[in-house]
Each structure stands twice: as C-alpha cells, then as structure tokens.
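Notes follow once the structure below has been shown.
Just so it is clear, A, B, C, D and E label the chains in written order, and each chain counts residues from 1 on its own.
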Amino acid sequence: MSRLEELKTRIKEALPGLECVIGWQKGYDPLHNTPLFMRTDADVDKLEWGPLNVHNPAVYLPTFTGKKVGVVVKGCDSRSVVELLQENLINRDNVVIFGMPCTGVIDLSKVKARLAGAGVSAGTVTAVTDDGKTVSVTAGGQTTAMPLAEVRADKCGRCQFPNAVLADAYVGDPIAPAAPAAAADADLAALDAMSVPERMAFWRYHMERCIRCYACRNACPMCVCRDHCIAQSREPHWLTQDDTATEKLMFQVVHALHLAGRCTECGECQRACPMDIPVLALKKHLNRTIRDLFDYQAGVDPQAIPPLLQFKLEEDNIKERSW
Amino acid sequence: MQTINLTRDYDGDFVHRVEEESGQNVSLCYQCGNCTAGCPYTFAYDIPVSQIMRLVQAGQKKTVLSSKSIWLCATCESCTTRCPNQIDVACVMDVLRHMARREGLAAVPQVKTFWDSFLDSVKAHGRVFELGLTVNYVMRTGRFWTDLDLGPKIFPKGKLSLKPHEIAGKEHVARIFERFERESNS
Amino acid sequence: MSEAIAYYPGCSGLGTSKEYDASTRAVCRTLGLDLVDIPDWSCCGSTPAHTKDHVLSAALSARNLQLVSGMGIASAATPCPSCLTNLRTANHRMEAPAMAEKVNKLLDAPYAGGVEAISVLQALVEKVGLDEIKAAVRTPLTGLKVACYYGCIMNRPPELMAFDDCENPMAMDNVLSAMGATVVPFPLKVECCGASYGIPRQDIVARLTGKLLDVAKSVGADMVAVACPLCQMNLDLRQGQVNRALGTNFRIPVPYFTQLMGVALNVADEELGFGQLCIDPRPVLNKALSGADAQAKGA
Amino acid sequence: MPVLTGKELRIVGFLCNWCSYGGADTAGVGRFGQPTDLRIIRVPCSGRIDPLFIAKTLINGADGVLVSGCHPRDCHYAEGNFYARRRLEVLKRFLPILGIDPGRFDYTWVSASEGQRWQKVVTVFTEQIHALGPAPRFDAVSADMLAKAAAGALGQGGNRVAA
Amino acid sequence: MRIGVFICHCGSNIEGTVDTATVAKASLDFPEVVYATDTMYACSEPGQDGIIQAIKDKNLTGVVVASCTPRMHEPTFRRAVERAGLNRYMFEMANIREHVSWIGKDREANTNKSVDLVRIAIEKLRRDAPLSPSKFSINKRVMVIGGGVAGIQAALDCADGGLQVVLVERESSIGGKMAKLDKTFPTVDCSSCILGPKMVDVAQHENITLHAYSEVDAIGGYVGNFQVQVKKKATYVDWTLCTGCGACMEKCPSKKNPDRFNEKIGPCTSINIPFPQAIPKKAVIDPTTCRQFVKGKCGVCAKVCPTGAIKYDMADEIVTEDVGAIVAATGYDLFDISKVTEYGGGRYPDVITGLQYERLLSASGPTGGHIKRPSDGKEPKNVVFIQCVGSRDKSLDRPYCSGFCCMYTAKQAILTKDHIPDSQSYVFYMDIRSPGKMYDEFTRRAMEEYGARYIRGRVAMVYPKDGKMIVRGADTLAGTQVEVEADLVVLAAGAEAAVGAPKLAEKLRISYDKYGFFMESHPKLKPVETNTAGVYLAGSCQGPKDIPQSVGQGSAAAAKVLALFSKDMLESDPQISRVDIKRCVGCGKCIITCPFKAIKEVEFRGQKKAEVIETVCQGCGLCTSTCPQGAIQLSHFTDNQILAEVNALCQS
C-alpha cells in the first residue's frame, strides 16, 4: 500500500468522529491543486499528496471553532497548527492532525516562468507528474522536465521541518531537514543590501502596485481577526480607505507587526499576492529580529508563550541606550 | 591662615582639566575622609588626600599643584579601593602630578628626580639598570649617603649587576620616549 | 596539562629579585606550568612612567603585550605586582579607542589587545589548581608559622585586578596551607610597605615596613611570605634600617612564597636562592620542620 | 499651525502618565530649558503604546518619535514597561527595513523625579533629529529612485546601513 | 459636539512666554469649537465660574483647558465641569505651562506649540465618551502582613475601629525588630516596656486573629474582595496544647544553636521560645538542628512536655482568608556587614552590628544586660561606633541614608556610659542626621553629658592587634588620620529591604524600588497608599523608618482602611478597559499579559470571549495594545483617541 493510500485509510478510520478533514484535491487544471474538505469516504479518495499541495490548510481551522475536525499537514503547515494551539485559537481536543514527510512544493511563478521560457502558456497544461525529484509538466503537447530543486518554493530549500512537528497520525518515516540555509534568504539579502532611502523607494514602488485586495491577509493562517481586521474598521480606525501607497504600506506594517513572534513563515501571504509583491520579506526580517532578541521561533512548541506576550526583568539581548 | 575667595579664586578650568584627564567626577566626593583614613602616607603628607580632593573641588590649583602630597602618593590604591563613591582617587593624584610637571612644580624634588632617573635608565637600556639608576639619582641629588649601608649587604649576594641588561630592541623603547616627547611638545 | 603562558619576569627579576625569578621558574616547571620567555621584553615603566604620563606608561607596557600577542599566546604571567598593574592598566585604558590610538602612535608595532596579564600566583591557583598543587607536595611545611603579605596592589583596585578579595585576599594563604604550613591570620595583608620610596624617602619605608613587621611578630609568624620584589626589599634588605630608625630589633625572614613552595615541592636548594636573601630563612625553616618532625615521631 | 519652518522639526513624544510625563513636569517646574520641537501625547503606561502608533506617526511624516516610561521595575502598573521594552525594541529594529532611519525613534525611561534627565533626553534626541534633518517622505520618493526600484536596480551602490 | 476652549495665563507664568490670546483665536478654527477665550487664572474661583458660565451660556458639551499639567488640576476642572452639568470625562487639558512656557523662552515657538497641544486635546475630546463608575460590595476584614511595631499598630487601630483583623507574622512571635531593642531614643525608655503591652493587646483583642510562624503564599482578588492563602509553617508543636512553660527548652540536649532572636550572638535550644515576652508564647522546633530530625532519635521534649504538645510529624498547612484590604508592614533587614571586608565583620568576633549590641545591652539578652565582648567575655572599655556601614555608599549599591542609625548610635553611646562608667565611646560619623523632635538635643547630650567622642570621618580599616581592635579612621575636621585601640567595634549596619520583599510585592501586585522597598502611590501626598487599590503600606517596608514614624504609618494605614470600609459599596474608576464582544476572538492574549489578572475568559453563545473584571482593572491599557483586532479598548485612551492625536500632529 502506498503511503498516500495508508494515509487515506487512517483518515477514513477517523472520519466518523470528525466534522471533516481538510486536505488537497486536484484543481481546475493539472497544475493547480485546491483545498479539499473531506466529509465522506468518497471525498477522502480525492485526497492528493505532492508538490502541488501549495495551500496551507491550517488557515481554515479557526473557522471550525467548537467542532472537531481533522487536518492533513505538511511540516510547515503543522507549525501554523502549533501556533494556533499555542494562542488558544483552536482546541487541541478538537483537532486531529495527519502528517506525512514533505519533500517540497512548487513555486507556481517559477513553473510559469519555465513554461514561458519554453514558449508555452501555463493555461494549456494538460498533465503534471512528479517522481519526488523532478516535476514534468505537459503543455501544448510538449513535456518540460523541471528539477524540483529548481522550481520549488524558496521556503522548501531551507526547510527545517519537513515532518509535522505535531501529529496524531503520521504516515511514513520522518526525513532529514534540508541543509541549514547558508546566508540570508535572497529577498532579505537584497533588502539588507539597500540603503535606508532605497528601501523606502522599494516599498513605495511595490505599494503603488498593490491593489489592496487583502489576499495576503486572507491566506495567512495567523490572521485570525477575520471580519474584524483593523484595516477595515472604524472602531478602531487605523487606516483610511484612501488608495495611497502610504495607507497600503501601513497595512503591511500592521500585518507584519501583528505577526511578530507568531509568523511561521509559511509564505502564504506572498504566494497569494496577485501582484507578486515581496511582502514576506517584512515578516522574515521580524522573525530574524525575534530570534536575535529572544532566541525564539514560532510554531514549534505548543506550550511556549510568544515572546511579545512575556518579558524578563533583565533582558539578555536588549541594550538600551544611555543618554 | 589665608581666606579663600570662593568666587575669585575658583579655577573652573583646572577642575575641568582634572576631571577630563582623570575621567573622574570630583563632585562625587562628599568628604567622608575614607581615603585619608586608609592612606599609609598621610603622616608624610602636607595636605591629606581628602583635602586634596576638597581643594580640587574648590578649584585651588596653585595650592594643590604645589603640595608635597602629590609626590608622596605611592599609588597603593587603598583610596581608590575604599572610596564609597567609586572615585579613582589614585588616578586623580597621578593626574595632579602630570599637571604639576607641566607647570614645572615638584614640591618633593628628590622623588621626581628618582622617577626621572628611572625613566632615563629605561630609555637608555630598554630595562631598568638598578645600580646605574641609583648612581644617577645620587649624582643628580647630591645625596651621597643614600643607602650606603646597604651596599655591603647586597653586593655579596651577586644580585646587583654592574652593567645594564641591554635589550636588542632598546631603540624601540627609546623611540617610544622620543615620540612621546614629540607628541607632548606638539 | 595546560596551555603555555608567556612569562614576564620584570626588571627586578634580573637583579634584586633574582631568587624570585629562579624559584618561580622552578616551581612552575615542577607543577607542569609551561612558562615561555618573551623575546626581548622591555621595562613596563613601573610607577615612574604612570606618574609622568598615562599614554607613555601604557605604551611601555603595550610594547610587551604586543610581543606576547606576536607569540600567539593569550595570557602572560608576571611575578611582580607592579608590572602586573601596569600591564593590566594598559589593557584597560586601551579599551577606549581614543587612548589606543594615542598609545599606538608611540609604538613601532601597534598592539590590538587580546593578551591578558595575570600574576604568577593567579596562574598557579587558576591554571594549575590547589588540588594539583597539594598533590605535588613532597616535604610538607608542617610546623612553619607564616604570615602571607600580598602587598598593596596585587589585588587593588578590584575592578582592575579582578582576582581574589581586595581586602582579605586568600590565594597565597591557600597555597601555603596546601604546602602544609600554618598560615597565621595577618590583618595587614594589603597595607603598603613604602614601595619605591626606599631611596628618596627612607623614613617613610621605615615607618610603614616597621608596622608590618610589628604586627607580623605579634601574630606569631616565624616568617613573612611575600609576592612582590619591592615589598621583599623593604621588609628584608631594609629591616636593619627599620630597626635603626624605630629602635626595634626585628629579625624576621622574608622569603618569596615561591621559595617556600619550592621547599615543599623538593626543588633543589640551588634553584631557590635562599642565600640571596638578607635574613636567611633556612635556620627558622629547618627548626620548624624538624620540630614538627620530632613531634610526629614522638606521637 | 505647522511647525515653525526652518526652526523646528516634527517630533512626537508618547509618555506614560506616572513617571515620564511627571518627569517632564518636573523639568518644567525646575525651568530646565528644552528645545520646543517635541509635542507630548499622554498615555497611562508605556505598555499602552502600540508600536503601530509609532509606525503610523513616522510613516505619516513625523521627523522623530520619542517614547518614555517608568524605569524597569518602577512601573505604576508593575509590568507594562517590561512588555513595552520588548515591543519597542522590535519596532526599533524593524523601522530601517521600511526605509525609516532607526535614529528617528528612541525609547527610554525617566522617572517623575528626573527632571534633569528629561531635559537631557529631549535635548539630545532633538539634536539627533535635527542632525538627521527633515524625514524623507514616503509619498515624495524621487522619480529617479522609483525608476530604479522598478528596474530592480536598488541596493547596488554603497551607503548601506545594516538592518 | 460644542467645544469651549480656555487658555490660562497663570498670571505671567504662561502669558510671559505664550501669547494666549492668539492661541485662543487659533482654537476657533478647529472642528466643533464654538467658544474660545484666554483667562487669567483658570483654576481660581472666578476662573472656574467663567468656565461654568460659558458651558451654560454657550451650551458647551465638552471643555478644553490649556494651563498647567493635568497631574495638578485635572481633578479640579473635572469637578468644575461636573458642577455645570457635564460628565466629568468630557474634559481635556493641554499642558502649556510645564511643557511649554516654563521650558522655552521663544514666544513665537511657544505660542505655536501651545496651539498644537490645544489641537490634540480637542481631537481627543471629540472622541471622549461620558463615563460613570459602577458599584460593588466589600468584605470588611483586613489583613496586616508583618507583626512589627508598624503592623501591630495598624492591627490594633483597625481592630479598635471595629474591623476584623488577620495579622500574619513570619516569626513565631510578633514584636519585630523593636522587640530586640534594649532602650529607645530619645527618651531612653525600655523598648519591651512600651511594646509589650501592645503585643498583649494584640493577643487579647477579640477582633484580631493572629497567624504567627506563617507566610503569605498567594493573593487573588481585588480591593474589597481579596483571597489570601496563608501558609502556616510546621512548628512541630501543637500550639493549642503548648502552654509556653519552657520545660522542653530546659531539657533539650541541642543547646548550641545560633539564636536568631539574639542576632546569633548567643546560643539557643533546638526547641525554643524566642524571648520571655513572646506573643504567642509558644515553642517551635528547628528541624535543621533538632536531634530527632537530624539523627532520627532523641524525643526528649516529647517526653517532658506536660501537655503532650510535641508533634514531630506536623506539616505545613494552608489556610485561606477572605479580606477586603491588606496592609503590608514587613519591615526591613540589616545590611550584611561581612560585605565590608576591611571592617572584618563576620571575621573578627568583636566587630558586631548595632542590633547585636542591643542584645548585649538588653537584660533579656544572652549576657543578661552586661556588656561583654563576644571574643573573650571581657567588659570593653573603649567602644568604637562606626556609622553608615552599608548606608550612603554607592560602591555597595546602598546610596541612601538609613535614617535612624545616627540616633541609635547616640543612644548606644549613652547606654555604654551608663553600663560601664569608666568606658569611652568613639563615634565615627559623616553627618549627624537628627531632625526629629528632641533628637538633635539627644545627640548633643551624648557628647556633652556622656562624653562620647564624635569624630567626623569614615573608618578605613579595623584589625586586631594584641587583644585590641585597631580602628584606623580619619578626622576630616582636624585633617588627620586617627587610630583608636578599641575593645569592641559596633557597626551601624544600614537598613535594607526585608528578605523576600520583592516576592511579596509581586504577589500584592505593587511596585518596589531597585532596593526592594515598596513604592508608595505618591511620595508626598499618598505615603501609605500603593498603586493597587486596597493595599496599604506601614513602616520600614516602604523605606527605613524609626519607631515613631513606623507607628504613625501604622495608624495612617489603619485610617485609610477604616475610610475605605466606611462605605458599604465601592465605586470603581471608569477609566478601564472594555471588550467589544463582537470583535473578540477569544485568543486570550490580553488575559496572559494583564498585570492585574483583571481579564477572564467567559463563554458567550458557545464562544470564548474576554471579559474585564471592572473592579480589578487598573486602566494601564496593556491589553489594548496587545489585542490585534482592537477588540478591547481602554476607555478615555482608546486607539481612536490616540490616533486622532497622532493624525492631528502629523497633518499640521
């Protein structure tokens, strides 16, 4: 029995006690998998596993408050589940976690760029196969082999959690994490390389492109305010609805600071952005700061208290200025 | 005893210089006297160290720099160690000597001469030549009786070398002195 | 057993304190502490330099620290507290970049920091350790009553010296206790002996050293162990001057603690240089040891 | 009425009521002269200061923001300033990645009795902001820089400031 | 909204460097402002009347006063607008005196800055809402923590006022430091003679419950309704049976233990009653020295006890006390003299603390009131007193003055002469601090009548020589070094915060300073209040105090408790946080961070929500800056109010 089949069996066993189990299924074309909400054995048979499972299913968990649900997770998704548990946003008794080792998911924009390079449109994809190392995309009658290492999401290249950090049912043997990332991530390194005024120009340029669709927020598993996001409220009234780069940047600052010490860097915000704005870099920068200051990483320990919700009488790494 | 006119005789520049060169805030001193209490040299001083501190606070440059005390301090650090206000008193005394030298003052000339002889010896040989230093000191002060009694005790022990321990890099050491003199004069 | 330590004997080690230098080398060798000579070291500047100028003083010391740095060794030990203070002060003052720049201007080769200066006593206690020292004892100094006199600047000021208690240091007490000696509590462990005023102001030394000898005698010490060449000279060589000035008749041997360690560690007598002290401690030492011996046999 | 052009810059202070606001009062009672640029917003506790207030103030064009609370352990509310310290330090390190000079924001602790310390803090901080000059405005980035951003040509030159 | 703006001249205090008329005129341009004027003294009676009249004449619904700091007159003006019929929270102040006119001389800049400050006050006012306090009931019992003289006084005054009092004492007897003193200054009357009756009153008062040998373990609740868990430590003696007869102490074979009551200069038995006047007079076994515990066999006390009170298997017990107010009176401890190595305290037996000297002076002490030095039991002739040991010393991190040492040293010098007429006392001091009634006269008597020789200067070192303690100090007035050959050296060890004080402060949720002394609410005007409602301070836990000051504070704290309990219901400050239940997602971040445990989780239509306990919330607003969705807002300092201030400043 393949691992996927075994996983399906395990889900079917658990399904009677659950409202549903969240996973992935084939989407509107072979290149896109979409979320799947399994309520029957037939639904479970639609479950997919592989590099097209880009979505983070943890984002749906808080919407099921009060109901017992299952969720299939990649390693990165499991950190979001842990963070939700840690923040009391879901109840451990009400969630069953299914995990399998993950070797990485694709970055659709990289795949599309490859296809464009081969002179075919992503809209014409007819088949996608993968063998764990290579993704082969057939489009316009022509098959392009793409080494996974080259088209996978950046986060997968430096993934330290390929296995679920927390799982009730785990299928397959845990695999070793990627070699520790060498230098800073490329996006962060690029920002680091800029002067402070250049960074202002950078964000101004990108914010002018922002269409204020809030896809970044909606995709974020930690954005639990949902209908009560302060970006769209008058009580409190943090942002106007003016279509200015300043207001849009302020929204990104709100999102980033609300995630400080909580973001697991699943990258859904940036993946979801229709304008390819590198919004994840802000969160990465904050995560680096949080690590430097508090030696803390979100979504690893369900018992931990997030660093900004606690303090030490004497902080080890905060050196205050003297006047 | 003279009357000090606190407005006219206060040399603020002097106070400032002492603080700057020593890195100490002399207004921290609240005159508890602990430095004087512990100082082994108080009996030999003309002005006890706590009063030196007081006079520095009061900007009495001339009195301080012409005192004998500043030349009799051996930097034994008892004042610095015990000051409740953590003032490095020994460093202040050091700085006062530096300033006195610049003013051409040395109220205990034989101490200054001894130190100068010592440094001359280091400058010449790279290390101190103990016998040469003593002879040099005696020649400069004319105090021919200095430690004559010790000669018979120490020479037979074979410890006092009759010639200096010249080091290979003695010019390096000499250059330190030369550069120092150049820097101080510039 | 331990990493090599650069060894800075200080000028007096070549002259008035030859026996301190020799016994230090012999004791360290016996205990496996590897002292490496610093090639062509020069004078630290001692008191005369810092009374003249702090930059000059730091430069004279820094030249030697720089030499150690060139040897690829991170710490230097010196038997002389005056050298120690100067070396440590230079390090401390040169932490300020402005000072470092001024000092380096005077040097042929700039010193970039990174060499720690410690006393031979500290090296013995921290790099060898009391347990090992104790284990190496061959002839315990049983019956010898000794007062430990550290001198004024071995541990002061505490922020700079960063070793042992500044008012009641115990390192030498512990070492000589480990040698089997009876260390008598000596309350003036850190009182100044008169330092280098022996030449320009003999009267000062007579008074201060006299007090030390008086208290040492009153606490019943057979001898006063010292760790400083200047202290040794004042207490031993000038003991006669003290007696004349104060009308006393002290005759207290004043050996270096390393010499006493040498006896306990069975270092050859020639290497300990007792003969170079004015008051030879050996008669008192032998009497104490044989007394204890007799007692042991009697018991 | 705007800030006095050429004379003042726009500096906003967030002060806790119990310590620092009192410290500023003490400085006033002592007639400790200070630059006039700072405008103080009173809040009950430094823990009340959401870092977003500061980000918003800076993004919307203030030239500097100064936060001051009770000294650690002296918080009127026991713990508010401990949380504030963490959040404000995170913010301080975050600002440069947005293109805001970190020197435009500082936080400190001044007690109600420390009038002189307050005078010093205000003076030093105001001088610091004047040394930095008027803040570059997000809505006034030069066309030249925007073109470089569009071309992905930023970060090629020198003048780098570590984030 | 109809806003009125009043710009105060404060005589020339403001008008001198601010053009108030221009500020008033500029205010009229701001939104919703219908009236603006300058006024000579806004806080004066005519000034307040002017505001009230304007509210009525112009139908104002909100008022801004630009004048001094709100820390000064906000309550004054709130009462004024309330008299005119407005809600007191429909009022804001702009501080144009302390923050403007007094710190800058540039009239143009000051005027301009004042306009800005008025503007942000207006923007905040526009978002103010009327607030009113709510009422809740109170439990009229009070707990006093600490049974020293301050705690005893507070307990007796409360009990005499008809309140039920729970007194908790860490040691096995109340009495505190005062019980250890021989005589008291400046009257030289016997300490136990004046304290003893008060201690007996505590024991006999029908309104006082005493938990001795007990400590506060945990505290929950809020003003009017605290729940305190008290740990009654195991005494291994059933106190309901113990009669305090002392038979056990006579027979106990372990007799050489350092006696803590005697400051360790005398021995005591393992089963012990600390002193004859102890309240309660009950025995306690120290299991660290008792042979039954250490060696597993002995049992002598159990055999001799006539009432069978010995219980070797006793365990700690927790009792919960419900009270409405708490008085902390936990006192002080002494600076550890062994930290001053140069004086040899702890190394030389004849260098002792002032409190140890009290025990040597006391007739109930280990020497029966005869001064005998610890080393050889000889009567000292030359006694040296050194003041400021662990006080006024930055190098020891004790920069403060301990306040009472000058006086007790003078007293001890006098008593030394009384005990040993041919003795000579020497007192090394830096300054004599004696500002109480009859205090300075007392120190003069020590010198003038008792011949104590006062030497102004610190002591550098103390060392033994030939049976004497050589004290080397300075006489800074003579400008010399001095030495005294002393027989005994008494160090006036400074006062420091009691061991464990910061821990108790955290349980009480009150602040403490860097030395561990508890913080009062206001250094001048609220000396016994704390920032936690219902918690009061008495005595040296707040800072070093002598007996009259401690007793005064005990009574003051009692008065505060009686005033608090004089009402049947309490009003809560309405400037507290409120939860918008629609926005709350029940994540509990506010619950984790609230320093006062003032937020609890509740179920609302099957969903978790946060709820503020109005009486516990102190209004810090930490929750508001913690909540990502802005669901919990601090009234009067809402996000929108602060944002409006920010926007006003950034737009102008």
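Please note the rule applied: a residue touches a chain if its C-beta (ideal position, glycine included) is under 8 Å from a C-beta of that chain, and two chains touch if they have at least 3 such contacts.
This one's a predicted model, so the numbers in the text were calculated from it and none came from an experiment.
Common neighbours of subunit A and subunit E under the contact rule above are D.
In this assembly, the chain whose C-alpha centre lies farthest from subunit A is B.
Chain centres computed from CA atoms place C at the largest separation from subunit D.
Interface comparison, B-E versus D-E: the pair with the greater number of contacting C-beta pairs is D-E. Each chain gets a centre from the mean of its Cα atoms; for subunit A and subunit D, those two points are 34 Å apart. Look at where the CA atoms of subunit C average out and do the same for subunit E: the two points lie 51 Å apart.
Centres computed as Cα averages put subunit B at a distance of 49 Å from subunit D.
Remark: subunit A and subunit C have CA centroids separated by 66 Å (rounded to whole angstrom). Taken residue by residue, subunit D touches two or more other chains at 51, 56, 60, 73, 79, 83, 87, whereas all remaining positions touch fewer.
Shared interface positions of subunit A, defined as residues touching 2 or more other chains, are 238, 309. Within subunit B, contacts with two or more other chains are made by residues 43, 78. Interface note: chains touch in the pairs A-D, A-E, B-C, B-E, C-E, D-E. Interface residues of subunit C facing subunit E in the complex, by the touch rule stated above, are 165-168, 187-188, 215, 218. Residues of subunit D that touch subunit A in their complex: 51-52, 55-56, 59-60, 72-73, 79, 82-83, 85-87, 89-91, 93-94, 96-101, 106-109, 117, 120-121, 124, 136, 138-139, 141-142, 145-146, 148-150, 154-157, 159-163. Residues 1-4, 7-8, 10, 12, 17, 21-22, 24-25, 27-29, 31-36, 39-45, 47-51, 53, 56-57, 60-62, 71, 73-80, 83, 87, 113, 119 of subunit D are the ones touching subunit E in the complex.
Considering their complex, residues 28, 30-39, 42-43, 47-48, 50-51, 78, 82-86 of subunit B touch subunit E. Against subunit E, the residues of subunit A that register as touching in their complex are 62, 65-66, 87-89, 224-226, 228-230, 233, 235-238, 258, 305, 309-310.
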